[in-house]
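See below for the structure under consideration.
Letters A, B and C name the chains as they come in the text, with residue numbers starting at 1 for each one.
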């Protein structure tokens, strides 16, 4: 049998490809796509204590938008995620820049060094932040012993600040890597040419380096933003009352509150929020980037 | 002129017979109804520009593509329904396709493994083949440590060791530098003659085809434009396209002034009225707008006053391309803006003209070709 | 190469301290002779490590996690091989959408995936157990497997397979003698990374686990009890070491894969 078949239409030729991908596709279809649709369906039903009322209604969504607590949680989740994204990417960029431009032959080692901390259990890492930021924790005991403060700081734990710090740490390598890859792709001779043509280091950075690193920065931002909104562990461990996020509420609906339809509605709402913001971000960047190249 | 006996003999000597082979990819027809016979022991080339269908044709002989229409017959057996791994052909791929996880010896032995030969005999055969391709002692060399030329020879050895009836070569020399290419051209020719195997070579390099082949099929757009020996193709190209693809060619316009049964008279641009015998004109040639061509070496330069030719004209040298052994002069035709190229061998003592000098060019009407 | 500015270099140093700060605490408190996780340190002890040996629940959770991780890694890698091969070698209707679906878990928050799966399982009346967790893990590990193997298949010279056929080998023989050896390092890398991801995964396991906890779920439960914390530190330290070893092995095989395929 010839490797490249001579079948006339693409239908017949598709057989070989589908024979391979059929399994994984079916798996994804049954366990991801179908459940997502089911989740949408569930969000339109109501839970009446132990009974599930299957008549379609938008009540759950009305609940979400009328009760301040849900909207507040969603807003907080979004703002925390945006803030985390901004902080993480801003901090990651100089690190990626350093490795790409000053790493020399040790670039691979640098990248390896960056990823080592992240081979601990995610849970434990977040928990360790709790220890670091806690009342008797590392930060406070060090600052106290250095006599820089008189009383332990309490604003660094059990609120949104702690969540931001912990997540900015957790997502660091995921932000550094895409930015690094983009920076690596920049033709160094272009920068030399800019210098040759009279640009100062700062100007050539903003005119050449930054725009060319944009794709990496955008990837990094999306990689951080999307999962962060749905994070459960961090807010639960270090968020206290003021740092809880939407994922915590969703989990409550599926356990203690026993209101799966509401949980589903919350999940769909969060998902939609994430998708809209991501698409908006991409769209905005496309316009910005297009302007740049003109 | 062959007698019936010779014809019969020739028919049995055909190693590859292609009848009405067609192949399309999607909407694009890549091979358009090709008929071709290749004799046993022949070094045959498929020559043409990229996209002409030559590689696809080769792959259909190998069995890596299935023709939409037509029959491939190898060694008098139809290859319909016969997979590539069962055909008496082996291929040297353009990228060489050396197995990176095997060393040289294991690569060459790859096809022999199925024969379950005793270890010693296998090793012997591999070593002998390596010697033949000038890679003596390379058995244990890892694949990634090979140069381009060495890979090519491993690919060759790997194919030849299976003693195929037909060896197919897909642009095997295109990735090599000039010197190496020339060397390999000689080697391939030598190996082919020694082994007597039918070789079918695909190339876009006309020089290569001319040097190595017994016969060439020039292909354009899925069809065979001309089939013949290198000399036939070079000296008597049937069309302008074939002529310009092979070697350098000067083209002049011509109009038919008068004709009779045996000859026609053509008014050739700048050269005057020339009589051509009817039979040298290719079929389907429109007689109103003729294309007349000649190779640079067909015209000659008259150095001494006493040198004479059938016809001559004087011209000023516009450009000289000096190749060491040959000089190519660009001159303009008399009473014309058109430039032509005339070449001369730089035999010892022969003067090489300079820009701006006047030279006398001599030519005969038999130097000219009439093309479609 | 010119030198970085003082600012940049200082930033890098501080940033690295920031990155390593949490995990530096692990060995510190794992060997610390105190049941309170706070400074100042008290003294060296191996007690916490020894204590781990007798924690029955820990052992069960570890066993569950291992079973889940190995199963998920193997199945995800199989899916990865099939998908990568289909994407790299074949053209078919719906190629892009099916690829999108398989890779989608990379772009969705884990909680969404976990919740969606939970809903389906509840509706079907399936009780939560190890297999439900395995299903969830396969969903999130497969995209990683695909990305590792896709470049392996894509960079492999197509002619190699044709050459094998041309030299007389069957389709299966070609797979056995040529394709598999070349993708083997990639396959091993894929298994390792899927294993590691599954071992550490918390959210989906949390939602989909029944009575048999995975290791992260076990750790989560323990975090509530201050007295258990030093043992958790010890456990975390061990896990870190194991992860590092796995990471090193993974890196070795990934490089080997690139070297093999890249050279062809």
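Just so we're on the same page, contacts are C-beta pairs under 8 Å (C-beta built on N, C-alpha and C of every residue); 3 or more make two chains touch, one makes a residue touch a chain.
Owing to the predicted nature of the structure, the values given are computational and were not obtained by experimental measurement.
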Which chain would you call central, comparing Cα centres to the global Cα centre? C
Using C-alpha centroids, which chain lies at the maximum separation from chain B? A
Taking the mean of the CA coordinates per chain, how far is chain B from chain C in Å? 56
How big is the gap, in whole Å, between where the Cα atoms of chain A centre and where those of chain B centre? 60
How many angstrom lie between the CA centroids of chain A and chain C, rounded to a whole number? 18
Scan chain B for residues touching two or more other chains and write them down. 63-64, 83-84
Among all residues of chain A, those touching at least two other chains are 1, 3
Residues of chain C touching at least two other chains: 162, 165
Where on chain C does chain A make contact in their complex? 1, 3-4, 8-9, 11-12, 15-16, 18-23, 25-26, 29, 36-40, 79-80, 82-83, 85-87, 90-95, 98, 101-102, 104-105, 107-113, 115-120, 122-123, 135, 138-139, 142, 161-162, 165, 171, 196, 200, 202-203, 206-207, 215-216, 219-220, 223, 232, 236, 239-240, 243-244, 247, 251
Within the complex, chain C is touched by chain B residues 62-64, 83-86, 89-91, 93-101, 110-111, 114, 143-144, 155, 158-159, 162
In their shared complex, at which residues does chain A touch chain C? 1, 3, 10-11, 13-18, 20-21, 23-25, 27-29, 31-36, 38-39, 42, 91, 94-95, 97-98, 101-102, 104, 112-117, 119-125, 127-129, 131-132, 134, 136-138, 141-142, 169, 172, 226-227, 229-233, 237, 247, 250-251, 254, 260, 263-264, 267, 270-271, 274
Chain C to chain B touching residues, read off their complex: 157, 159-160, 162-170, 177-178, 181-182, 259-261, 263-264
